[in-house]
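Chain IDs A, B, C, D and E follow the sequence of writing; residue 1 opens each chain.
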């Protein structure tokens, strides 16, 4: 069986946020100057993504590992982990967000200046992961802040984080400065700050931001 | 002398600086997107389902929907619905198959317990880690079609384990065939309906997650 | 609630007022570069001097114990990886040890050796990382941390090629280990271990004699032996205070009595001693590993009677403890005969080692507080569980 | 100043270029254009120098740490071209300029805005009196050294403004630290330069640089750093300069592991970039002063290397200093605030004062020749080394590596 | 070290008013424990710590355990005289009784000085609702500080005499004691694509009432 030819490549996961060359060309036709400025703007921001120095749990160690010699996130210009949210461009939610921590995460997000991006790194940040059935575990940070890239894994390899970062770079480069495809922070009605949940007697109040989080309904046999 | 310790430290960093230009032990960066990640054979990220035949992946799933992995999965990220009908498996024996097989990679903790408990070598761990998505509801919930990968792929990523599994399966199938032959012969000799079918494996221990608190028995209770 | 001190109005105004008075209350964490995760300290300062320090926990309380009580014994094993996520091999072992004690299972010789090999490799990983993080708290620009991570990656490569995952090894099973390492693996590990002292030497040349390190750590955060014992502090932190208590020797866990190694003891109980304990323990771990690679017996790695599924220990309870790199890691299990534990409790060394944090920090400056915290070696996954 | 025709073309090139441009303007405006050109030149050259210092710092630190550092930025329209990441600072600049500027509602709006402006302005002032080359000195002041330190001191004010104006506890702590630190180190910094003034008898940076001209046997330059008092002064200057410019191991005000980002905690976007820039400008200016005062300024180290234009020598020495500072940053730990001030008052200041006496001795004995010259060297060296040992021992009393016992 | 019976006897001799019982551990670990009455627990603890023979100076682990009330069926065999005059019949009589629930605090003690252990202490509350006060052993062993706070937080045992009894892990406004067996977690099961067991039961509440027309994304392409 092993001497059969290599199987066709599998792409089990849909490509995330990629912009094809054809689309890019199409966009280019909108206007050379504007596109050039857009390109410059996107290039500058995508090559200077300073993450917030903000580790939550296990994934934070892999995030640190991504900054160390073997993986060296610095190659992407993203090694400047800023401890102050005021200087950060990217929040890597690296680990389990507990309900006790969630208000702080939202507050940090609110303190970051636009344009800002969020990567949910690891199963816990995406959905609560293995700990999702815990009483103090938030089932995904996207209940309170918008997430741009989800990197599954428990924890994702540092390379997976780098892959997520390149996806984010692609996304930033594809952002327009105007029109319907404009970047989130340039849309006039886009929220930049989100309500911080309160500590309630049994749960967070509210348990999620309804303006942000609507789960699709699963048609299942009851 | 004051300063000698500092000078020694400067010496070590200087050594590392110079070494980074000529000594591979002191320049350990692997430029990930340009040079693909080196994954050991044992590396595990997310599970996939093994199919016997790449041309008919859904028809030749090894999985018989016994639901052991679903029960053992610590974070409960596997969902299986059994089929109503049966399909013949590789040995021609009619078996159930999973009508629905979903794995939520946003929850999966890559623990490999599903692989360990699977009696049919139907579920194995994949090497794919570049799976960042922009939508966790659609991008990270994998269905049967996305999970199925042929045995050749398994051989490709884990040659040792796949060879061992194949050897074992071939032996089992031969034994089953001989047994069936003997049974057929015996049947021919004396019409007696005994075809030992492994069938659906035993469903394992009682549901691991009780809905209600159980009263303690024994223990240190008086 | 104002948990984050950055810019919320009333908090800042209060500071402004307090500035005219005497004391300044600063909330460090849960997002702070040197609280090692989401730990929070509410520090009251007189100038830069600490007059009060209250730790606040629970920002990573992810209900490990509750989840474990609702799931089977085996399913908790991968969760223990995430408890002390720098040392998954030892947390695995401690849990397996407790379950084996609960069910009375035997462990084959080879597995016992493998466990010791993994535990000591983990100790190398943990201590080198800890020292790196400690230096980060001391204000280096990541250089020692990155050197430590360079070595850590080599060990993680070993773990990954053996168990499939860099950090979450999920390697131990009740009654043995999951995978048997190949001879090539053992040769690679042995070579790595033989080279490790070279890294330690370079590290020590770079830092141990550094005058700034001496000035920053000697005499800082003293911990008296009697206090440490009463506060249940274990591991290198306890031994830095001069108390000879290493479970590898006291309990003779596993096959440790078959190995020759020494337990270093400090005399001052300050941050420098705690730092040096780690360095010296790494050197001893190298010795253990070298012996283990020489004498590793052949044989099975799993108890043949061990069951993977349908594991139901009979009713009873057990407390299994192990010298993890951070201290005494214990698992307390009560079984009621069902597939799930009735009570599953982790005795987290990181949490209990923090008991005297305030006493250690009082009178020191805020810069010392982060260093003292760094020298205690906490992992929030274990502190809050 | 007049251009000496005997100098090489490269030496004169910047001036000729300036004169060529100025010549296009009416005579009435020439004075203005002349100075505007100088200002533009300084801003451009040191702006670019700042940009490449940041990338050099990131890449050199990376190399110290066995990794590669930024190497993928390339250019926006040519994605495959990576240019070794040299365009990284420009990406950072675009990002910083377009980033939202947040001013906390409770912050002191005026101080919060003024602090970055003030700090950049004052950190640039120092460049005015540095002789970058034989003829390249923007402003020739007789009291250049005094002017330089006066301008540099204002940055303390700006840091305090930032820390106070942010109304953040960390910023406030950082502001207090910055004040204590800067005031402590201003003294040794100035005292380390005074011996040079004493020996050369001038406060003009141009004359100080000129005083270090000439070589013994054509290879040993007469730089001040090659005298015992000069060497000691240079070391004190280095330490104090590190502290003045908030560089590791004296980066206490923005001590990440303690105070988040210190006085910068509440600054975002371009204002943060301004602080960052000012820090590097300050460092560069101080390095420039150090070079002028101790390392022979724009003078070539050997006679036969004189054909290389003087301003290249200056920039080369400047780059060397910056690399040294990066190396220090990659190696050392941070001091504590009390140790920091103790180092200044109990070690650097007494040493600098003694060194002043040393320089006086050196100046008085300038006539000693033959064996007396050797004695002069020995005595001068002793005046430096003996107190260094004694004070150093006092400073590190009680601190020593330890030996450990093992359990039985 | 003395065995547990000897320790109990010594304790009873020393503290005549105290009630000390041995709780047998039927498991293979056979780590039996001493059940103390709350009133005398602090002085017994102090005695155990300071006694020169025991010197249990190190309290390693402090745990809460929840034992909800449960129904116990006692089976008693009785011989009933046969009314017909024959030999006595053996009849199994089942009596059901409700064993009241209680909370338990477990202390694992060791000696660092003498390197022996463990001695396990248990304290039990009166019930699970109002009689939940136990004496704190933090004044004896400082290591119980955080662990007793954690038990207070998660189980709701109130430790009298604890210097700083606040919630340790959950926030202060939190009202429940989540480690108790009857705790019900808040309902946030909107998105459970792979549910089973009680999660499935709770997720069902979020499923649309009538099966909708396939307008929503289905995770599965049905074959």
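Here, a residue touches a chain if its C-beta (ideal position, glycine included) is under 8 Å from a C-beta of that chain, and two chains touch if they have at least 3 such contacts.
Bear in mind the structure is a predicted one, so any value in this text is a computation, not a measurement.
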Measuring from the mean of all protein Cα atoms shown, which chain centre lies nearest? C
When B-C and B-E are ranked by contacting C-beta pairs, first comes B-C
Let me have the rounded angstrom distance from the C-alpha centre of subunit A over to the C-alpha centre of subunit E, please. 42
Provide the C-alpha centroid distance between subunit A and subunit D, rounded to the nearest whole angstrom. 40
Could you please state the distance in Å, as a whole number, between where the Cα atoms of subunit A are centred and where those of subunit C are centred? 30
Centroid distance [mean C-alpha coordinates] between subunit B and subunit A, Å: 27
In subunit A, the residues touching two or more other chains are 53, 68-70, 72, 75, 83-84, 86, 100, 111, 127, 130-131, 133-136, 140, 154, 157, 199, 215-216
Which residues does subunit D have that touch at least 2 chains other than itself? 64-68, 256, 260, 265-266, 330-332, 396
Can you list every residue of subunit C that touches 2 or more other chains, as numbers and ranges? 1, 6-7, 32-33, 58, 61, 63, 66, 70, 78-79, 82, 142-143, 146-147, 150, 153, 168, 206, 208-214, 314-317, 334-335, 342, 384
Hey, which chains are touching each other here? A-B, A-C, A-D, A-E, B-C, B-D, B-E, C-D, C-E
Of all residues in subunit B, which touch subunit C in the complex? 2-6, 8-9, 11-13, 16, 28, 40-44, 68, 72-74, 109-113, 116-117, 125, 204-206, 208-210, 214, 216-220
Taking the touch rule as given, give the residues of subunit D at its contact with subunit A in the complex, in rising order. 58, 62, 65-77, 85, 87-88, 90-96, 98-102, 256, 260-261, 264-269, 272
Which bits of subunit E are touching subunit B when the two form their complex? 23, 25-26, 33, 65, 67-68, 70-71, 99, 122, 181-182, 191, 193-199, 201, 217, 219-223
Footprint of subunit C on subunit E - complex, ascending: 25-31, 57-61, 63, 65-66, 106, 108, 112-113, 115, 118, 120, 141-147, 167-171, 178-179
Per the contact definition, I'd like the list of subunit C residues that touch subunit A in the complex. 1, 3-4, 6-8, 30-33, 37-38, 58-64, 66-67, 70, 78-79, 82, 85-86, 142, 145-146, 149-150, 152-153, 166-168, 380-381, 384
